[in-house]
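Structure provided below as structure tokens; questions to follow.
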Amino acid sequence: MAEIARDYTVDELMVVTLARQFRSEDIVLNGTVSFIPVAAIMLARATHAPGLTWVAGAVGVDAYPEPLSGNTLDPTMWRRCVMYLPQEHMWSYVHRGVLETFCIRGAQIDKYGNVNNTVIGEYARPRVRLPGSAGMGDMGSLDKRIFIWTTTHTPRTFVERVDFRSCAGYLDGGDARERLGLKNGPQLVITNLCVMDFEPESKHMRLKSLHPGVTLEEVQAQTGFRLLIPKEIPPTEPPTVEEIRLLREVIDPRGMRKLEFRSTPARA
Amino acid sequence: MAAKTADKVMTLTEAATLVRDGDTVALQGMGTQMSPLAFVRELIRAGKRDLTIVMIVGGIGLDWLIAAGCVRRVIAIIVNLDEFGMAHAFRRAVEAGEVVMEEYSEHQLLSRLLAGAYGLPFLVTRSGLGTDLLALHPETTRIIACPFTGQEVVACRALVPDVAILHAHRADRYGNVQFFPKPIWLDADVFPRAAKRVIVTVEEIVENEEIRRTPIHTGIPYFKVDAVVEVPYGAHPCSLYPFYAFDRALFQEYATASRTVEGTRAFLDRYVYGPTTHAEYLQRVGGAEMLLRIRKWE
Amino acid sequence: MAEIARDYTVDELMVVTLARQFRSEDIVLNGTVSFIPVAAIMLARATHAPGLTWVAGAVGVDAYPEPLSGNTLDPTMWRRCVMYLPQEHMWSYVHRGVLETFCIRGAQIDKYGNVNNTVIGEYARPRVRLPGSAGMGDMGSLDKRIFIWTTTHTPRTFVERVDFRSCAGYLDGGDARERLGLKNGPQLVITNLCVMDFEPESKHMRLKSLHPGVTLEEVQAQTGFRLLIPKEIPPTEPPTVEEIRLLREVIDPRGMRKLEFRSTPARA
Amino acid sequence: MAAKTADKVMTLTEAATLVRDGDTVALQGMGTQMSPLAFVRELIRAGKRDLTIVMIVGGIGLDWLIAAGCVRRVIAIIVNLDEFGMAHAFRRAVEAGEVVMEEYSEHQLLSRLLAGAYGLPFLVTRSGLGTDLLALHPETTRIIACPFTGQEVVACRALVPDVAILHAHRADRYGNVQFFPKPIWLDADVFPRAAKRVIVTVEEIVENEEIRRTPIHTGIPYFKVDAVVEVPYGAHPCSLYPFYAFDRALFQEYATASRTVEGTRAFLDRYVYGPTTHAEYLQRVGGAEMLLRIRKWE
């Protein structure tokens, strides 16, 4: 068994938890301002999922960029790729289901995994105009296995009902998504406090594991709707020493992943 | 469509006259990459009004245009400064009701532009099903059933911009525009085909003979181009891969300044209205030191 | 005035007549097995229409190939072009009307300029299976200014009604084409005997000029429907000495244009 | 979809087992250009039956397959031997009712394939309006009205071939396929995205490192490719620009021979069934003299 790390931070736990969701047969595309997903993809590929295909910066097929620096769509991300994927190819593969995995973040997330990154308040005259739906407006409707991450697990982020559905999650729950002909959907929500999944029948968000030092009460207090609580709540699986070493020394020595914890309003 | 031997080389100021108040302007740009920002500064100085700006990913240039009062409507999938955070002028203007944001999913907007490029009344996608985006504009996106299977798809109405504005690596004086590598982001590929008029700023104007030696790099043919302007570093502070990287320092300066209306105004005064030439602009944003810095990608 | 040629053949007259239809502002695309149109395009560009844009072999924008040799879609046609036009660009320009001119040949042509290159007889069990509609199935419906050429002016080619509409001409005549929302349409028909156009109201084919030595009676006898005959029937404008020189010495010294007079069944 | 380090290199015979009787096979080819004809000969020797062949422009390979009795249905816009005239085996088979020709205009067929590539139930075009093509197959092309403008367009139902077969310049053993220049004809671009399985024959197999040095030339990524076969001159008698021209002599020989059933049979016996190796085939069609001749373009 791999040695368990003792010294790690919440950003590292989030990256490792997300990395472990990726499988060797997956083809994963990353979006804009996605340091945590990109670090997770690189980590998965360096550990349990060597066969994973990463379309880096939505362009560079199987690229091997330098350690994380700036922008997650930058041309520097395409380094040593086998192909610059033309965007019309990318869209056909995304539509057709060849690229099946995508990670999403947003300003509001509701109990059925719908995500809002468009407005707080009314669309026409919003209280807060957010950046916009961008790729999530596509990916939620295109049968993706969606992993949601957020670094702000608060009642402002986790709301009973999103003000605007930028990304189609399980819609009104139950078989609503299926009835609309949409396959897959949100798989997991990884936050700074815990990991959540969706109860298979109701598609209602459900606590899955708690990060070290976080209590059930705290999570419930920071969530704007009633979470489903399973009988057993294990701690989130800790990283291994090797995962933390790779992350700190090889993949993200500059700590770009920590940028996502800045107190700026949410971005796409 | 001018003849193939028409000389289309102009100054920024001359080319800006091809953009009229009230026009729908398709503006290239992908976060911190490939945006005709020297031209955007010229549009601001020329005092254009009531523009509808179409960008796939709205960025710093759009925020400047909004701050300068040039814009009435935005058609985009997202507007921000990428890792530098919110586009505050955009946010403020939409929250105040001064600018309308017409938001689509990416493939909806691409489908609208492609339909425009093809002269088709609409094209279809599955993008956006189940979202609230569809309810925003039934006049341009609407659910229809496949006549063969009954499956529901989203019909996206053709969008034909009045002008497309791009920055590219090089062109000849007739408007044969080359990219290295060929357009990877679809705006450079679709905008010129969809728009009625096309303005291209380039790092360098080269001889027609050089174009004919390397036709594999040509992305836009002369018969679709109305103006060519030579502006080295014309995408600054955005990047033009592989020539130069984006200017982190200026992005950060704008991200900070634009948190307030006053800061935004001061930024525009200093960097947009102030410089009387492109060289003076480059000097103000860091001069030689900056030009050396952005040639390194990291 | 340019000196008129005395020594020329019918293939040369056809090329020159077609060349004179092209204008300096036209953007012209050529199809497969199109020696006469390609020679005409090259001739127009070398004489009265220097600004003409030729998308050679449907790919090479403003190409300058060597004298005509083989195949009119061959990569050798792309020589010294300014751009390899991606086919999705080509199709968008064709749909949008940026490329507005196209030349078509077919096995049957009817009095309203509809063209058949699909079957003689019933589609499902044809008496003769022809090659197929190819680009004419598109161009007839996409608002093109169409020039029809044929080297076999016989009642088999010029029929009252085509067995199959591979290419939309003026359909049933009158405003039928317009009512379907199709713009432009067939402009001229250039054959080995004469030149014909279409009467503006009825869209019925009409004799325009006779090639040297050809009589009105002969044309009518070789046409399977009643042609409209104008009051004045001028002779087809003869080539100039310079046009014939360019054609024979520069553009098509191997005489590829004469290939189209071989007695094989019609091709696309 | 095999993993990225799976070795996909096979022999022609092995790769041919990926094509099953009754399959819909998308076969690259543009008149005298770029067609996987070594693979076609292998399909004939393997005795495949009841194939539906999809080609934009059906050519010599299709005519061989028909003559050999492998084909039940053709989906194409035209079938001929380009300047060499009629495809006689095709003509005879359709006239005899032995093969069904499903004919489309070019952009209708491209739209069907693109819809397949996108997993969309259909896409639209204006191509073919007013022709008799529309009446042939209401189950795949049908006039619908634009939901915004009422304008009539042709809905083209998605087509998803079982297998796509292409010939390209080079690939690595994992299936990263490169073209020089990048695909110009859309079949090489659309077929691999639309089809369920993809077989590629190439002039040369190169190291993965070489692919990573030149990603700009890659047209198909490994994750869409199931088999790679190294067959130098694998497009012969078609051309592979700029490596070699088409073989005029063999085209002419087939055009003449195929005027009769007996002539066609004799041609297949001599050039398809006869040779036991690709080298033997190349020797029979002219050997070294021919190989030198087709390296000259004229």
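Just so it is clear, A, B, C and D label the chains in written order, and each chain counts residues from 1 on its own.
Just so we're on the same page, a residue touches a chain if its C-beta (ideal position, glycine included) is under 8 Å from a C-beta of that chain, and two chains touch if they have at least 3 such contacts.
For clarity, every value in this text was computed on a predicted model and none was experimentally measured.
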Farthest-lying chain, centroid of Cα atoms versus that of subunit A: C
What's the distance between the Cα centroids of subunit C and subunit D, rounded to whole Å? 29
When the C-alpha atoms of subunit B and subunit D are each averaged to a single point, how far apart are the two points in Å? 39
Roughly how far is subunit A from subunit C, going centre to centre by Cα mean, in whole Å? 58
Two or more other chains are touched by the subunit D residues 119-120, 125-126, 151, 181, 216
Residue numbers of subunit A (touch at least two other chains): 84, 88, 91, 95
What is the shape of the graph in which nodes denote protein chains and edges denote touching chain pairs (line, ring, star, complete, other)? other
Tell me, which pairs of chains are in touch? A-B, A-D, B-C, B-D, C-D
What does subunit B use to touch subunit C in their complex? 1, 3-5, 114, 117-120, 172, 176, 193, 208, 211-212, 215-216, 218-219, 221-224
Which residues of subunit B touch subunit D in their complex? 118-126, 139-140, 142, 144, 146-149, 151, 153, 155, 157, 181-182, 216
Residues of subunit A that touch subunit D when the two form their complex: 24-25, 27, 50-51, 53, 60-62, 78, 80-85, 89, 91-93, 95-98
Subunit B residues touching subunit A in their complex are 30-33, 57-58, 76-80, 82-83, 85-87, 90-91, 94-95, 97, 101, 103-108, 110, 125-133, 136, 151-152, 181, 184-186, 189, 239, 241-242, 245-246, 248, 297-298
The answer for subunit A against subunit B in the complex is residues 32-33, 59, 66, 69-76, 84, 86-88, 91, 95, 117-118, 123-129, 131-135, 137-138, 140-142, 164-168, 171, 177, 180-182, 259, 264-265, 267-268
